[in-house]
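Okay, got some structures for you below.
In what comes next, subunit A is part of two complexes: it sits with subunit B in the first one and with subunit C in the second one.
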Partner chain A sequence: MQNLPAILLESSPVSLNPVTSTDLLAILPVLILLGTGAVVLVMDLFQSVPAGEGETRKPVLHFLSILGAVIAGAQICGALAAPDTGATSFFRDALRIDKFSLAMSLLIVLGAAFSLLGAADTLRRRGLEHGEFHALILFSAASMILFTQSASLIMAFLSLETLSMSVYVLTAYTREEKRSNEGALKYFILGSLSTGFLLLGLVFIYGATRSTNLVEIEAALRGGGANLDSPLLLCGLALTLIGLSFKIGAFPFHSWLPDAYEGALSIVTGFMAVTVKVASFAVLLRLALLFGSTPSAGTIGAELHASLTAALSTLAVLTMVFGNVVALVQRSLKRMLAYSAIAHTGYLLVGVITAMEAKRSGLAAGTGAGQAVLFYLFPYALMTLGAFTCMSYLGRGTEDCESLESYRGLGRQQPVLALGILLLMISFAGIPPTAGFWGKLLIFRQAIDTGHWGLALTGIVTSVVSVYYYLSVVVNMYMQPGGENEPLSTEPRTCGKLAILLTVGAVAIVGLLPDTFFRLSMAYSLR
Partner chain B sequence: MTLSLSFCLHLSAAIFSIGVYGVLTRSNLIVILMSLEIMLNAVNLSLVAFGRAFLTDLTRDPSGPQVFVIMVLAVAAAEAAVGLSILLAVYRKWRTTNAGEIDLLKG
Partner chain C sequence: MESALILIPILPFLGFLINGLLGHKMPRRAVSFFACAGPAAAAILSLLAFQQVAGGEGKAIVQSLGDWIRAGSLHVPFGLKVDHLSGVMLLVITGVGTLIHVYSLGYMRDDPGYPRFFAYLNLFMAAMLVLVLANNIVLLFLGWEGVGLCSYLLIGFWYKDLSNARAGMKAFVVNRVGDFGFVLGVFLIFVTFGTFEFDALNAGAAAKVTVSDSSTLWWIGILLFVGATGKSAQIPLYVWLPDAMAGPTPVSALIHAATMVTSGIYLLARLSGLFVASGVLPIVATIGALTALLGALIALTQTDIKKVLAYSTVSQLGYMFLGAGVGAFGVAVFHLVTHAFFKALLFLAAGAVIHSLHHEQDMRKMGGLLRKLPITATVFLVGALALSGFPLTAGFFSKDEILHETLHGGHALLYAVGFVTAILTAFYTFRQFCMVFLGEYRGSAHEGHGHHDTRGALVHHADSSEIRESPWVMLGPLVILGLLSLGGGFLDVPGFLLGAAHETQAAGVGTEAHGPDTGKLTGWILGGSAAIVGILAAFTAFQWSPGLVTRLQGTTPGKIFARLSYNKFYVDEAYDLLLVRPFSAVSLILFYLIDRALIDCVLVGGTGFFVRLTGSALRRIQTGRIPTYTVLLVAGVVGLLTIFLWAAG
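Coming up: the complex of A and B.
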């Protein structure tokens, strides 16, 4: 007993701060999403089942859930527009809200709103309109927001787990389909494996720095690591990186991704491709800047920086090459976009490395790090949502329009839609002057500025390779006879049309006005 | 006799590796789920070890590792629930719990 600290023996050692209204106000968007999800879930019980074929049976579910997402998005926009007061901590430092995490949260809510909008038609067509779908999308969006804002290792772990579990179930949503079951199973097993690695990594970091709080960990690093156990810290960092690499689908840890993307409903694939990636990159960027760019009195800072740069560069090169090369031989558009998602992870990793360099060499006043990642993610999110919405919009019966062959002759049958897909594909490929081009330009430019010539060169060469497979979609639409394709059925698809119109329109606007969005991403970058 | 922190961490890493090995090599899905649980429990072991080691650190609230352990236990339970329900959905359509036979998605 004698070596127990005094804190245990005193009567009231820890002052228990109650949750204040400021705390609750700060997470209002999360509460709105959770509340809407719960309401939708309960409301579904009281909806009477079907009138007839071909009409929306449960319009209230769609309307309510989209409304919830839009209100949450408006809340976040309001907070973004408010004058910058730096980062503020809530819930006894469990959450840390700054402009960067708000911008990432906005992307996540945007992804949720567009997925819900696009899902209305496809769920009705397949007779899958259940409240669970909307609730799961809203719940996972809420936990993703908490993940991007988490400032404590425990909070990060908990929110990552809640978001992953919602997405596992969403992948398995079409449970009468063998492919969906298989995709969800693979996603669950490899996702849980990655959770194990991540958790062990976080615990080792905790053990080495003796704190779960990111601010205190930074202070411990700054202090020169006098009482830091450096092998333990390096081990923990490596394990955490492996865990996050699974979530973003970086090369040696990607094997779940194509199967999960193919097995899920197209709309769900679009949702998880966008939001899981945005949330994971937000946290990866924060951790990379914390461990890779904190100046320390001792050697620990330089050591961490060197190992992190080496590890991330290797991952980035492998991911860019692998994703683009394997995408070349795919015959299914959905699987091709899955491999292209892996390739885009590679480009984003280059953005993380340059952010680390920029932060380390000292930021000019008023600027932050990671604006390239932010600037890349915004149009990428819109393009991905648009492409997967098109896929489910063009579907017939219970099938989504997945194979490349099924796009033959689309240019003649649906000229306006084909034009939209054309814009999305050339934007994915990064042909100027599209949104995808500006994003890649900024990332490669920064890579060259910070001296990472090899990364920039790999990125440019693999981007050129990617033009081939993106344009093969366009070739199929315009230059192949579309004999065997039956035209779309005449069911109303207003929601899908609206979702495609908005995403494609936004991609076009970002492509035409890159300056505005560049300034925005500068303002919202990580300080 | 007291166990050193380093001993506990090595033991935890060994158990964790057994879990990873099980997930990667076994073909029975139930055994894979069990291996996932072993991994999380191995992490809990190292958390408890840290909790004991931190007791001597007077500057910190010593309840941190214990709180972490409880959270991990809760998450492990939720994960098992989701995993078993996905497994049940798979078994209903595929009529097998052998991971090797579930191979529709390729390429």
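Coming up: the complex of A and C.
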């Protein structure tokens, strides 16, 4: 009976604990997002659509959903600002909320809010203004938050599946477009396959440790190998890692990513690239630190550490090289950024490895681990959202501005916007003094500090390669002849403009005040 | 006054900003006003500051404007200081500077680059004032580089003529060589002393010399002296100064005679304690004496009116280094001051001649201008007398004090060199006077044959009837400088400077009472006679018996000497052959072999090619077909599991 997971115990009347108001209060942001999603979905039924016109006008839809996201974000901010009381468990240890998961949740809500803001114009322009879109974004954001906060393997699996379902559908949202359907189908099929591996991995872990609860698993690890089945645990962890690698798009589990990213609406691509990655990295980091850095009585701890380091390092190197090298030969900005998203996964994996190393060697004793990952993700999220919003903003009719050629002459036509894109690109490339530079600096610095010279070197060399393709956008904007494109249509683009302005401005601020954000990431690091 | 020191460089700098940014939109009158207002106001402030300092011995005004650079143990304050030495320099720079600004109003009147010229000139003033006001060597270096930049800009002011642009570049590059030494010296100072402030350095050096660091000190001294030879045109880096005459004549007067080129002397005087302790002074003295002689020898045969003066400047700067080298820093600065007066006067007078002759600079096409330009001729004569060291003029006192101190310090050989140079100086100066102002006008012979002047404009030689005096805006400053050149020798600059406490360390010169003692009287008689001998010889050769020179040049030694001197002893050619060409060759080889072939082609191009090739190969993985993807995924699973289990051991 003791060996059964907590959730199975629920059937027993003896230990039935009712859900308390504290539990509900703790997941208030999730509830707000879910509630807003439901309201928006229902409300859309009552919105009249003018017949015969391609355009729709549903400002309330956008406003309400963005408002919901903003309120949820404010709620999380409030929780973040409160004094740190360590990790607290809710729902009988199904969720554990600490500063780290709150910070990650904030990034997710941020991604959702900016995606909703940026989508408003595009959806209207393309006649796709349906409540499902907003609801799906909000629902997936809610499940992502639960994913980052989950403290049990089952909770993690359930929330991961919920968020995946929402994202599959979002990818296929422009259902009349062939490549959208194709991308979504590939994503779904391969995703199902990887989910299978993930589930198998979780089962193995449960089998080895006799618990689905992360706290109990940690205790079991600390206790040593007597009752631990080491090969089973190793296999389980490897399969779990594969499942997560699929979600973050690490080579060779990335194959769905370019097609899905290309098929989806630019805004949706931005949303996926940011939120799915943030949520998955939050869980990956937590699991890596749990399994890879917990001091154990027997040899199991060292074995796990060695295996995780080797596997993650291999993934990181392959991902950095593959993402950057293949991005180089792309002709479409959207596909290029898809591969660049893979490349950034590689850099973040380096961050995970160094966090693991730092925690194990006691470097992170007072400060917590993973601040480099956290610091990196914030500007990365902003840059990605900004770039994909630009693509959507510059779109004409039912097309987003995707090919590199279509950016020719933008420097003359729209100097301010071009300047913003320039900032985003040099920040992606990591040229000082931009936000992207500080993020990379932090990760590579930690890699060197923890002795991972090879990883740091690979990261730096591939970053240099990346400068080429990021700057090719700039070259097209400023140094290529052309730009005979007709000016943008007169449809209102205020929301897109606002989203770009906010993201680019935030990227600039992080670049100029890295210290503030570094201190924040220290405060919210994983302890 | 403490809080107003910064205004002294700021005011000309404002003039630079106004004329530089808005000059082309403003009327000439406004440009002229702003051009002269800054230097004039700075001159008034300098006078006030000077008055305050002059009151007592060792008195100084200091304005501290906080930190300039603070990084770790490196600490550079932004501090300005006026003491006796910088006070004298301030007066010279702002006084002579203002006069030259006024003169330029007339000289540059018809130039299309009028506002640009004054913007540069004002910027120069600002930089030069920072140089002398700085209380530490790093801030001094800011001014040092600033004046170098302005010098470059102004030499190449008429940049459309390639040779002017080249001259500017030459000056800049040669100065870089000196600055390299200077910067190394500054680094060494920081490593050795940990501070940059002059007072601390002078005191610290005196303390260090007794310990063990004498070789470090020697290196500091020699490196800083290399910097000084670059800026102050000494052997071996003097070659840029004659070429710098490509700039407008007021620039030659202000930058390349009166102020900037003397900053090397100022540096030596400023760090006199350090230089005395470092033990490099004998080298300084030798270089100075040799430069003095070399400059005078070359000046003997030059035919360009400005080139004669340029080599004369090189020669006179050599005198100053000789003075500093024998430990008489105060006397060196004295000569700096008087030289600023009479050389600025000579240049400006030469400029007036050039102006009157529509940009003719060849003395062989002049002559007989005494009657046409009586005022210019008179002031030129005054300047020439002062330069020759004619008794009771400014140059007489300062030069004789240098020679006196040289002999007094026991450097008989250097004294002999200096004495011969004094005769030569008088000779070439009056050769120039005779060629320009006496005899018959030789310019009209070429009338009708227009040629291109330095600005690239077609000019016609002035008909002798067209030659007129310059306007009073140009003659006024000349007259004032003429008076200063006559009376400047009676200023007791060395005595004034020796009053400052730290100067007395300079080789015990301060213990001597200032005034005509027996040794000094002998010196005066010798010096005066040298001047008179030189002047008489020049008159004999060029006025009273014109055939003499031709006959002398007919003899073999005469011919050889004339060719050597006229061609500046082929130093430029030697530098070109020994340094410039090998350097260019190495650069070209490196460019083609290393940069083009290795870096551009193999490394950059090769990397790009390789990466693109890899990218093209790798993108084939992305077939778009789900079976391929599935195979890849499963292969990844197998691979990762293998790594996992293998790594766990």
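Here is the rule we go by: the second predicted complex is superposed on the first by the 501 of 527 C-alpha atoms of A that agree within 3 Å, B and C clash if a C-alpha of one lies under 4 Å from a C-alpha of the other, contacts with A are read in each partner's own complex, and residues count from 1 in each chain.
We take it that a contact is a pair of C-beta atoms (placed from the backbone, for glycine too) under 8 Å apart; a residue touches a chain by one contact, two chains touch by 3 or more.
Since the model is a prediction, treat every value here as computed from it, not as a measurement.
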{"item": "Which superposed partner A:Gly263 touches (first subunit B, second subunit C, both, neither)", "value": "first"}
{"item": "Contacts of A:Pro415 with subunit B and subunit C, given as first, second, both or neither", "value": "neither"}
{"item": "Partner chain(s) touched by A:Phe253 [first = subunit B, second = subunit C, both, neither]", "value": "second"}
{"item": "First (subunit B), second (subunit C), both or neither touched by A:Thr309", "value": "second"}
{"item": "First (subunit B), second (subunit C), both or neither touched by A:Tyr468", "value": "second"}
{"item": "Which of subunit B and subunit C A:Ser194 touches, first, second, both or neither", "value": "second"}
{"item": "Touched partner set for A:Gly451, first subunit B, second subunit C, both or neither", "value": "neither"}
{"item": "Touching partner for A:Ala238 - first (subunit B), second (subunit C), both, neither", "value": "second"}
{"item": "First (subunit B), second (subunit C), both or neither touched by A:Pro295", "value": "neither"}
{"item": "Subunit B/subunit C common contact set on subunit A", "value": "182, 186, 189, 193, 258-259"}
{"item": "Residues of subunit C that touch subunit A when the two form their complex", "value": "608, 611-612, 614-616, 618-619, 621-622, 624, 626, 628-630, 632-633, 635-637, 639-641, 643-649"}
{"item": "In the complex, subunit A residues that touch subunit B", "value": "3-8, 13-14, 154, 157-158, 161, 165, 168-169, 172, 175-179, 181-186, 188-189, 192-193, 195-196, 199-200, 203-204, 206-207, 210-212, 232, 258-259, 262-263, 330, 332, 335"}
{"item": "Contact footprint of subunit C on subunit A as seen in their complex", "value": "182, 186, 189-190, 193-194, 197, 230-231, 234-235, 237-239, 241-242, 245-246, 251-253, 255-256, 258-259, 303-304, 306-307, 309-311, 314-315, 322, 325-329, 465, 468"}
{"item": "Subunit A-touching residues of subunit B, taken from the complex the two chains share", "value": "9, 16, 19-20, 23, 29, 32, 36, 39-40, 42-43, 46-47, 50, 53-58, 60-65, 67-68, 71-72, 75, 78-79, 82-83, 85-87, 89-90, 92-94, 102-105, 107"}
